[in-house]
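Every chain is named by a letter (A, B, C, D, E and F) in the order it is written, and numbering of its residues begins at 1.
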Amino acid sequence: MQWNVADLLERALAEDIGPGDLTTAATVPEDARCTAVLTAKADGVLSGIELFRAVFDRLEAGVCNWRGSANGTRIAVGDTVATFSGLTRAVLTGERVALNLTQRLSGVATLTARYCDAIAGTDAVIVDTRKTTPLLREWEKAAVRHGGGRNHRFALYDGVLIKDNHIVAAGGVRPAVEAARASAHHLVRIQVEAATPAQVDEAIAAGADAILLDNMAIGDLQEAVKRTSGAGVVLEASGDMSLDRVREVAQTGVHLISVGALTHSAPALNLSLEIRNE
Amino acid sequence: MQWNVADLLERALAEDIGPGDLTTAATVPEDARCTAVLTAKADGVLSGIELFRAVFDRLEAGVCNWRGSANGTRIAVGDTVATFSGLTRAVLTGERVALNLTQRLSGVATLTARYCDAIAGTDAVIVDTRKTTPLLREWEKAAVRHGGGRNHRFALYDGVLIKDNHIVAAGGVRPAVEAARASAHHLVRIQVEAATPAQVDEAIAAGADAILLDNMAIGDLQEAVKRTSGAGVVLEASGDMSLDRVREVAQTGVHLISVGALTHSAPALNLSLEIRNE
Amino acid sequence: MQWNVADLLERALAEDIGPGDLTTAATVPEDARCTAVLTAKADGVLSGIELFRAVFDRLEAGVCNWRGSANGTRIAVGDTVATFSGLTRAVLTGERVALNLTQRLSGVATLTARYCDAIAGTDAVIVDTRKTTPLLREWEKAAVRHGGGRNHRFALYDGVLIKDNHIVAAGGVRPAVEAARASAHHLVRIQVEAATPAQVDEAIAAGADAILLDNMAIGDLQEAVKRTSGAGVVLEASGDMSLDRVREVAQTGVHLISVGALTHSAPALNLSLEIRNE
Amino acid sequence: MQWNVADLLERALAEDIGPGDLTTAATVPEDARCTAVLTAKADGVLSGIELFRAVFDRLEAGVCNWRGSANGTRIAVGDTVATFSGLTRAVLTGERVALNLTQRLSGVATLTARYCDAIAGTDAVIVDTRKTTPLLREWEKAAVRHGGGRNHRFALYDGVLIKDNHIVAAGGVRPAVEAARASAHHLVRIQVEAATPAQVDEAIAAGADAILLDNMAIGDLQEAVKRTSGAGVVLEASGDMSLDRVREVAQTGVHLISVGALTHSAPALNLSLEIRNE
Amino acid sequence: MQWNVADLLERALAEDIGPGDLTTAATVPEDARCTAVLTAKADGVLSGIELFRAVFDRLEAGVCNWRGSANGTRIAVGDTVATFSGLTRAVLTGERVALNLTQRLSGVATLTARYCDAIAGTDAVIVDTRKTTPLLREWEKAAVRHGGGRNHRFALYDGVLIKDNHIVAAGGVRPAVEAARASAHHLVRIQVEAATPAQVDEAIAAGADAILLDNMAIGDLQEAVKRTSGAGVVLEASGDMSLDRVREVAQTGVHLISVGALTHSAPALNLSLEIRNE
Amino acid sequence: MQWNVADLLERALAEDIGPGDLTTAATVPEDARCTAVLTAKADGVLSGIELFRAVFDRLEAGVCNWRGSANGTRIAVGDTVATFSGLTRAVLTGERVALNLTQRLSGVATLTARYCDAIAGTDAVIVDTRKTTPLLREWEKAAVRHGGGRNHRFALYDGVLIKDNHIVAAGGVRPAVEAARASAHHLVRIQVEAATPAQVDEAIAAGADAILLDNMAIGDLQEAVKRTSGAGVVLEASGDMSLDRVREVAQTGVHLISVGALTHSAPALNLSLEIRNE
């Protein structure tokens, strides 16, 4: 059973509301309605607006007159991101969870956009990693797309990626690739990690479909591109991928550049919800 | 029913493993064991090491010879944070979830420690907010303690905090506080948000037990401290709380300084897991 | 995740219906509708009528023409409490669970009202305890309010109440209160149990915000009220609180009187559901 | 999926503990152990002692030296019902749930025993009804057995009991019984409610296997017994079954006497848990 | 809590869709609609059509213009079984689960109909067993009814069936039947397995309400019928019940013939779903 | 969250046991133990023996002296498949679920083995489909492997398979393949269905990695093999794959032959559990 929006929101709201929102229950009349305005307090790229909205629907806020920007929209400080009308109790009870999700996801989209901007004009593509926030992977991977990046495999079940530790355990690149080939069905590709040009050769010889170039210097990346030219192999560069360095990496000719920071270290995008009585 | 370690790990592992770890199942012999070493790639404060360990226990990794630093330990780049022996399959399958959790929580602890260091010697205390990662609040609040901070209320159910929107909906500070008093049982305190010294006076007059001083300039904070002197009221400063500014805020005499960035914008602490066959 | 109406009814109906209501499925046509009348067979105070209704909604009874008394209504033997029209199968299948809940909760409200009547004119307030029916606390606490009482803390998480056993384990009243103060956030009050006037003094000295006067004789209660006069401390009397004695306790000047019997020993209020074909 | 002890305790503990026992966590050292003594404060019959114990096991209290009376034991005021050693934190955190369950179930067993005593020497048997506390039926039905009674059907799925409303909906006793016979498999018996001797005749003629004699006067009960003599039909008397009247009912020769009050109106049996440090 | 349609479909769809239908999401426009036609590729009896439909409703396919045959309908190769309009994505994503369920259940109904046809004109009835597909019992038992059969007890909880192993463990037929009588409530019948006419006598003597004639030859079945004539005991023949032999068994005069193959070995009925764009 | 053995058995046992096994509870002493012997009543290949065992472990049968054949073992009528000692109650209560699972899975393995035998000596491989029993896919796919086959993709999420309906919705083979390529990450292969040699050409031209040859005659299969020779494309034959025809298909040179009947129409393998008291 897949973890989905309903599960996520149920759990997130349970975490924050628990047995009840003491303050709102005491101070807000049950049938009061308000107009709520979501405003950007910083520049960035929007993501997670559907979760923001879904929080209030789940709390049965009676949302109407919804006007909201789409995920992927570039927003500037002071922009109105969304406005809607709803029951004040539900709006105030859900506000923090809604903001926590949307600010975090917009932070991911915003950082991704900065990386994509940095390599604009090259043939490389920014992709994410599995270094996501536990329980939020699906939405963080969407945020990467909203920021202009693409996704790597989702998880351990939808692609074979043989890393150095697997190679050690299998007794070498060749036995590792062969074991993977024998085990996987015919619609799965096999990627192998390589830290040196020599290991790139070894991976090719073993029949890898794609190679993860781990923490390679620019010169080694260039060498890897040269050695695999025409072999139909996908090359992915990874490791120490700062905004300062990413363009140079892109220019080596690798196909994919994976960046863990997109999801493990993006600061939240500052958003604010203000409310007035109707 | 409370969301607990078992639920968190079940979900987090399901997210990453799903129907199965194709690579490890294919390349690692079922009974192979390894020694794993967790190393710091940056300076910081450790948090979440119990989750790191629990991931492997949950995957029935047959962990033995565990040696790990305690949460709250200050660690430096190159330090060995933990070593253990386990079944290679389980170690490789759980590695990413274990690291994702521990790096994130250690990032929170590390940033908290920087804030605490910044106000060292003052009487103020750094506290967290509800701006936590959904589903990780319990552990992020622990990370704040590991970094030297204290916790604010956990959620909406264990304290009354009347914010500006509640005041509007209730028709003023006094009716809001009275409504809260009438509703809450006798073991709950009531805190009210104030943005100006005048609002501080109003909150005191209404009978607030604590005041949230929101986005106040240093002068206003000092005025708030002066006006409430001797009233037995807890003062909490909040908003725009950069590392540059926090010490000056602490010196005004407020009791608590709450910092959202501790949990919404802390970069992950870089940790690495290396493995060798046994 | 909070246990809520939907969970309660799902479980309660599963318990009674299980794989299916053999009798109703066999003897009642699928599309037959009936008019149902809920009648009081005894005097009392109504509580749980929303659950009564919710049972039939959950069973998709197609309820219409609903006319029902509100929770908190004083009802007399022979009164019609509610009437509605619905699908006969769902009405008969849900009848027992609906009655089991409403009779029990109305029993709690009825007994609470008797206690409140007994202390009418004093300044004391009747409050409940945690001696509730497992899984029904939320609704039994509402029933206490319907009967005119107020609620104590909901559970172990929303208030600190240091009982004699905690004092023993902590090594005295003072260390217990200090430990609680160091651990709790700033919006939680601390109550301490005392069995003698001397222990009341000790609790006050340790900084307690409220005191539970356990099983004290009237004279000791009076003494406790006298000794804490003006200290801003809440006094709660508890233990052996029969209807015969409660008024005398209330007249001592304690603020709260907690009565476990409200929820652990209230007899069900007799209600009956009669049905006729439409 | 059946609601079982683990589910019951998980939910009941979640209800009372929720996010955490603030008092115990603050005041009791993590590794402190205590000896706990459960004492009877009133005379009665014990039931639910296995749940009492299971609460502490579930909280991982490290229970040892357990000595407890068995369910069904007649206990007198002042009796030690159980003693054990355990971690103080777990003992104090679980105390209330453990007592709430055991006091309630012992209350049911105690009241059942009084009814059984009242009819001692007759051939009749006291049985329970479906008027149980929602979510506790399994344990309340066990409590009835501990008190000396027997159980009626567990729920709607394990027996056919055609009541007056079913008869109305089906268009009479005969069509109701025939419909039930056509629908049920061959291992299910069919019982029909009757309020007069004439209806008893009708039920017999329709082929009922058992008859529920509802709210009949003693004379009518005697008549029902006479008319069904030798027919191999089970007779159950029900309604207004006070302790004063039950013996007279039993003497009419009915086989079963069902009493709703056993489970819907039994007062809790007073038990107390006292603890001393080890 | 009962396993129901919603649970079944949630799990079945999760199993097949998991994190997402890669093909459909990529190739089908989000708002495209289609007309879908379900066609029989073989002769048989329809069952499970409500699940077929429910799959698409659960996937929010926006089904309209539904025209479908009823469960129990005899269908011939080439017949249109159902047509409907819906969102193409949901239709294609749900197709396989919908077909897997309906083909399997129709297979059960079809085989049952063949058995019923084989004994047409006798007084015997074809019944199912507990040899059903795990998690599908409720629907497979309905399929047996759709095919013209009747149901045996649903499971272990709604009837007593004492098999040879129970007899051994209990120390004989008599003690087994007596123990069952002492334990069961008064609405449950008791069936006993017998492999020889002598054991039939023993079961009757012990007071059995029904007898399972296990793997008996025709002669022994005839003998069993003769020996129990007039005793009001239900006779069920079981074991090695091929289509070739079942009529002869029916003619012995047994009341029920149970056939495990109905649910454990019925081949799926071939159905096909074709779609065209709207 | 993945559906796993524990979930499967919990549900399957709940389905069969529900509120309790009336017969066993009444007739078997609580501490009686037995020796159980599982015997083959037909020739075949064993699968699901780990589930058979797990049923008893889950019921806490205290299994010891377990001797069982391994999955994949070829067994003959009369063979002892497993023997063990356990608590009689648990053994009898779990027997039916254990047998239902193992007989079904062994049926799948047995039929797979017959297909594999039929193509022995060719280069083709027998693979399964998604036409599995809902909720049992993981185990049925293992059964296919135990019978000597291989697995196709597990579900909709781990491979792209563009069928005729997707082609229609996408507006042709080329746009469908291009859309899939744009959407999928770099470790997923793309397979396209083709019904004629011309469609095979079209799929190749569009860049398909694999082709599903649907319901093709032998001549067309040969033509497809010829046209794709050397293109590195995987060819899978599917449709109407009887045991009579499968060898001829294998001899065309296709790589994979998928057979739905392996999982949707395999008759159960007859196994029997006999027990004797210890």
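Quick note on the criterion: a contact is a pair of C-beta atoms (placed from the backbone, for glycine too) under 8 Å apart; a residue touches a chain by one contact, two chains touch by 3 or more.
Please read these numbers as outputs of a predicted model, since none were measured by experiment.
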Copy pair chain B, chain C: interface residue numbering same or different (half cut): same
Chain separated most widely from chain E, comparing mean CA positions: B
Chain pair, A-D or A-B, that carries the greater number of C-beta contacts: A-B
Whole-Å separation of chain centres (CA-atom averages), chain B against chain D: 47
Chain A and chain F: spacing of chain centres that average the CA atoms, whole Å: 35
Where chain B and chain E are represented by their mean Cα positions, the distance between them in whole Å: 54
Set of chain E residues in contact with two or more other chains: 1-3, 11, 14, 17-19, 154-155, 157-161, 188
Contact footprint of chain C on chain B as seen in their complex: 1-3, 127, 150-154, 157-161, 185-191, 209-210, 234, 236, 255-256
Residues on chain D engaged by chain C in the complex (per definition of touch): 3, 8, 11-12, 14-29, 32, 34, 88, 92-93, 96-97, 99-101, 103-104, 107, 130-137, 154-163, 165-170, 175-176, 179-180, 182-184, 188, 261, 264-265, 267-268, 274-277
Contact set on chain E toward chain B in their complex: 18-19
Parts of chain D lying in touch with chain B, wherever the complex brings them together: 10-11, 14, 17-19
Touching residues on chain C, where the partner in the complex is chain A: 1-2, 138, 154-155, 158
